[in-house]
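Here chain A shows up in two complexes: once beside chain B, once beside chain C.
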Partner chain A sequence: MRNPFVRYLIQKISWYILAFFVAVSLNFILPRLIPGNPVSVIVNQMATGGVQSDVLERLYSTYMKEFGLDKPLYIQYFNYLRNIFRWNLGTSFMLYPGKVKDLIGRALPWTISLQVPAILSGWIIGNLLGAFSAYKGGKFDSVAFTLSLVFSNIPYYCLAIVFLYLLAVRFGLFPVGGGYSFGIVPTLSLKFIADAIYHYILPYLSMVLVAIGGQAIGMREMSLYELTSDYVNYAKNLGVRDERIIRYVFRNAMLPQITGLAISFGTMMGGALVTESVFSYPGVGSLLFTAIRQSDYPLIQGCTLIITIAVLTANFLVEIAYGFIDPRIRAVQLGER
Partner chain B sequence: MKDILILLFRSKRFIVGFVLFLGILSFALIGPMLNPKNPFQMVGGLFSPPSDRFILGTDNLGRDVFTQLMYGTRTSLLIGCTAGVIATTIGVTIGSVAGYKGGIVEEVLMGITNVFITIPSIVILILLSIAIKARSAIVMGLVIGVTAWPWTARAVRAQTSSLKTREHIDIARITGFSSIEMIIYEILPYMFSYIFMAFILQFSGGILNEATLSMLGLGPFQTVSLGVMLHWSLLWEAVRTGAWWAFIPPVICLSITTFSLMSMNSGMDEVFNPRLRRS
Partner chain C sequence: MGNLLTAVNLRAYYRTVQGEEIKAVDDVSLEVREGEVLGIAGESGCGKSTLASVLAFTVTPPLYVVGGEVKANGTNILTLDRETLRREIKGKYISIVPQGAMNSLNPTARIKNFVIDVLKEHFPEMSKEEAIQRAKERFSALSLPPRILDAYPHQLSGGMKQRTVTVISTLLNPKVLIADEPTSALDVSSQKIVIKLLVELLRMQIIKSIVFITHELPLLRHFADRIAVMYAGRIVEVGPMENIIFEPLHPYSKLLMSSVLVPEPGMKSKRIEAIPGVPPNLKNPPSGCRFHPRCPSYAKEFCDTSIPPFVKVGPDHMVSCFLYGGKDE
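Then we have the complex of A and B:
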């Protein structure tokens, strides 16, 4: 415990564990507030579809057992926690007897490979653009700023819909959706990868442009603050070269932007999920879209759980990285202060 | 006050945002009065393109898109405004109490705030919307508002902490104000502009959250909003069948609304933070 870095780490980890438990508890309790017994609601829905009665009975007992709805609430809660730690997320309603964990396991790689590159590259390009336009000023600044303002305020899914319509439906430059073409088996062949990239471009573009705009605005503002600060004036009067000053400014303005990266993982999530369903991209977003339409509660809960885990993990990694990058925190960690 | 208004209207960004917002607002408020049709009534054929009779054509069930657009914008503004008021109120209350009281109160309140900042709000939004079966526009605004406050709380706490050390606070404390009086009379007035800007951000965030939820299929019941219109377009494949009139108008309305709010916010930022002004 005397090592300051370990202390920093433990403090951060305990916050994230707390947040995780709050999220998991909400995930447990909120769907149970739905009036009526969700199992009988679902079974009744299926009954109108003309399923045989013995099948219905089997369904009913499966779900009653899985939810443990006949037991007191706290036992249900502990069962729920135990199942999560065993990665047992239950059985889907709509794709009975498909397991939720398998459905999510199939969708997750698509979502990660779409969102992580889009968020990271949008963040990097946006910061460079923002810093440059703050420094440059004049025409470049006003054009870049206005464009960023416009793009950052178009919701992802709106840009996605416009792109899908114009570039795919109207001009046929890109496929109209999906992660890969029909009739191609997902393997690691060159043909499949090329096809997947072809389907990747539009969803990626519609997310990255918005991300660039948002980050550029934040970075520009931070840089403007730094550019008018005393140390910059002082350095200028000392005759320090411009490039050097920009480097100082960039490093200082960059710090809050790293927190901004952590935030974007959380805030972009909603829009990104909808973007996926616009393109019928085979990720968690499209899965959630269908699950909500079908009132498939186990699948919805599985999706919200995986989203929580993904966002918390991303935030945690960024915060640990921040601890390394910020000289103030680093100094404390190394015991220099 | 008058000086501030003059300054505000010298900011080009504020004027652009303000004019656009007034336009959207009058479209959403006056439109339905002049054109009191039922947005759910089926009046034409499936996906008929724009014509003299239907300025923006009809949707998948033959309903007039232009009428939907007016009512939808109104609902979206209502939800966004409700969410903004709720989120700002909760955020300002928690932030100012935490910042002014300090100590254990601050630790606990900020602890709660940080936990809710860390949990992705879309998850709570989805779960809450599923749990609440009777989702009217106002209820949706409430749901969005109670998930959106943590950022405002954090920012207001920081402002309060720094305001607290000013001299007029000490003087007021000597005259025997209670904590609540102190916050209301001595702290909040000094960050009125800041709170108003936070409200505008929350307003725009509320509209976007409404659209996100509605597009996922968790929109308000028996009401049309911009997000609901987009949800229908997705569900009935308006995009892939090329029925642009069913989804481009709500996209434009949504984008203009959020752009106008952000533009006003950024203009106000320029006026209230002179460091951002470029001479």
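Then we have the complex of A and C:
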């Protein structure tokens, strides 16, 4: 007999492969809808020195050939797909001859080390705060809830700009931007780490406060709902103490929050775009932002491919994890109903 | 045989945000005797569930007990602090089979984990294995399959869930079991099984008495010893089951009985009557006898001004109606 869980996994994975294919196709099409020819831009930049027009002509066709843009769209598309499977992300237009793989590889650690701690700590603190204020009620709840509402509703880039203006520009407490100071070589020295942390605080704060607020509101609502549920009352009526009941509530209220965590991880690179731009942080977000402005197709495709993989992986892991946490969903996964 | 629970002049009101009071239980006196099944009947909104939660100490705002006492073993339990109540009374002396038993079990925990929590809460020295063993024995003794313990709530049918909850409620051998409409969400055959289970628990002396709250009077006919009829926050008649079912005296009890179908000989020729009017708003209950605006036998001019006292009309049978005296004339 075949294991129903394996069957479930196979079914899920096929759906994810289909979703990946659709997303990757969109990644190909969308950058090409940006008006303007990227090669003309590059050639025009070279033309500022007063180069002869036939030289420009030749430059143009060389680049078109080099980037494969002279071929019909469907050929480009199949080349693109083939290259993805070979994990060949191509060459950047704007940073020619920089490989997209290397550019992203250099930016990715910055984004991950900025986002993962912000998302995780925001999620943990937010959930604890939300659960506690639902349980506690009263003054604590009103203050925590109001603050959470304020922070979660400020667009995070606004908060970033306000922080940047007040704390960095106005009072000069923090650096205005960048991942580290000019003139410091990125090595694993103590000096570099201290400098990186100093640059890290503002972008981190601007994201973590928003994350705490959002998570706290969600968790508070879920906890309030669970706290008034029948099983809580029943457990109380049988003399089960509050501390134990809180554990039931916390676990059950947590379920939707785990989805929230996965979505945060999935959209981490995309979400980094604005924060990284505001603080000129050398991560994937900044890279994508400049790539879009320059119509740098391979670089845009590379970044969006990373985002696609991140979103799909996060969602897939959550779907599987859900089954382990909630027996009702496990029953569905195992085909019990 | 003594009283396990005695309520004296109990008043419990809901307080709304606007500062209004809803007098859901108003001056109720009642005793729960050892070995009996006491039925409490009445229409929706008459305060029977509120009375149940006061008797079971599950009062939470906006419900407040504003007067009276509930005595068990001579002490007024309403004055006990929260922690003592939790440790000594809840689940142990008084237990409850809740109205919404369908959702009364934590959906993400196996039944046995909840059982372990309940048992260990009251017997901290008990090991998990002992707790499960004890639950298994109890389940088998009441002819429920012990494998239920390994299940999650969603794997049980409605009737099975209700029986499981009933068994868990009585794991600690409580003296009084308060069952608040435990059968209202079940089909007729499941109802019968649950009631059999309750009677079995009483027969096996696992529990000493049952307070069964329902709006279905005929249900009580099969197993209640006494019945109290509630109307608009008050008890209007209390007496042995046979008297209340077959010869009710209070005009409301009479109407309540004639408004239900009982498959008895001769029932076919009877007319089914509805009670005219609507249940009163308990924010401003009617003055005097609360039933007087809907009462077909409302005769005496003082029905709307004075509250009829309880009159003894038979052995153990009391009724609060001027038709049976109570006003010196």
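Just so we're on the same page, the second predicted complex is superposed on the first by the 271 of 337 C-alpha atoms of A that agree within 3 Å, B and C clash if a C-alpha of one lies under 4 Å from a C-alpha of the other, contacts with A are read in each partner's own complex, and residues count from 1 in each chain.
Note that a residue touches a chain if its C-beta (ideal position, glycine included) is under 8 Å from a C-beta of that chain, and two chains touch if they have at least 3 such contacts.
Computed from a prediction, not measured in an experiment: that's the story for all the values here.
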Just from the overlay, do chain B and chain C fit on chain A, or is there a clash? fit
For A:R251, using the defined touch cut-off, is the partner it touches chain B, chain C, both, or neither? Pick first, second, both or neither. second
As a test of reading the superposition: which chain, chain B or chain C, is in touch with more residues of chain A? B
Looking at the overlay, what does A:Y231 touch: chain B (first), chain C (second), both, or neither? second
Could you tell me the angle at the CA centre of chain A between the CA centres of chain B and chain C, given to the nearest 10 degrees? 70
Have a look at where A:P327 lands relative to chain B and chain C in the superposition and call it first, second, both or neither. second
Quick check on the superposed pair: does A:R241 touch chain B, chain C, both, or neither? Answer first, second, both or neither. second
Report for A:I300: first if it touches chain B alone, second if chain C alone, otherwise both or neither. first
Which superposed partner A:G98 touches (first chain B, second chain C, both, neither): neither
Give me, in Å and rounded to a whole number, the least C-alpha distance separating chain B from chain C in the superposition. 7
Indicate the residue numbers of chain A shared between its chain B interface and its chain C interface, in ascending order. none
What residues of chain A sit close enough to touch chain C in their complex? 229-231, 233-241, 244, 248, 251-252, 255, 325-328, 331
Residue ranges of chain A touching chain B (in the complex, touch as defined): 15-16, 18-19, 22-23, 26-27, 30-35, 137, 149-150, 152-155, 157-158, 161-162, 164-165, 169-170, 176-177, 217, 221, 224-225, 228, 266-267, 269-271, 273-274, 277-278, 288-289, 292-293, 297, 300, 304, 307-308, 311-312, 315
Which stretch or stretches of chain B touch chain A in the complex? 114-116, 118-128, 130-133, 204, 208-209, 211-212, 215-218, 230, 233-235, 239-240, 242, 244, 247-248, 251, 254-255, 258-259, 262-263, 266, 269, 275-276, 278
Quick one: in the complex, what on chain C touches chain A? 56, 58, 86-87, 89-92, 95-96, 98, 100-110, 114, 117-118, 121-122, 152, 154-155, 165, 168-169, 172
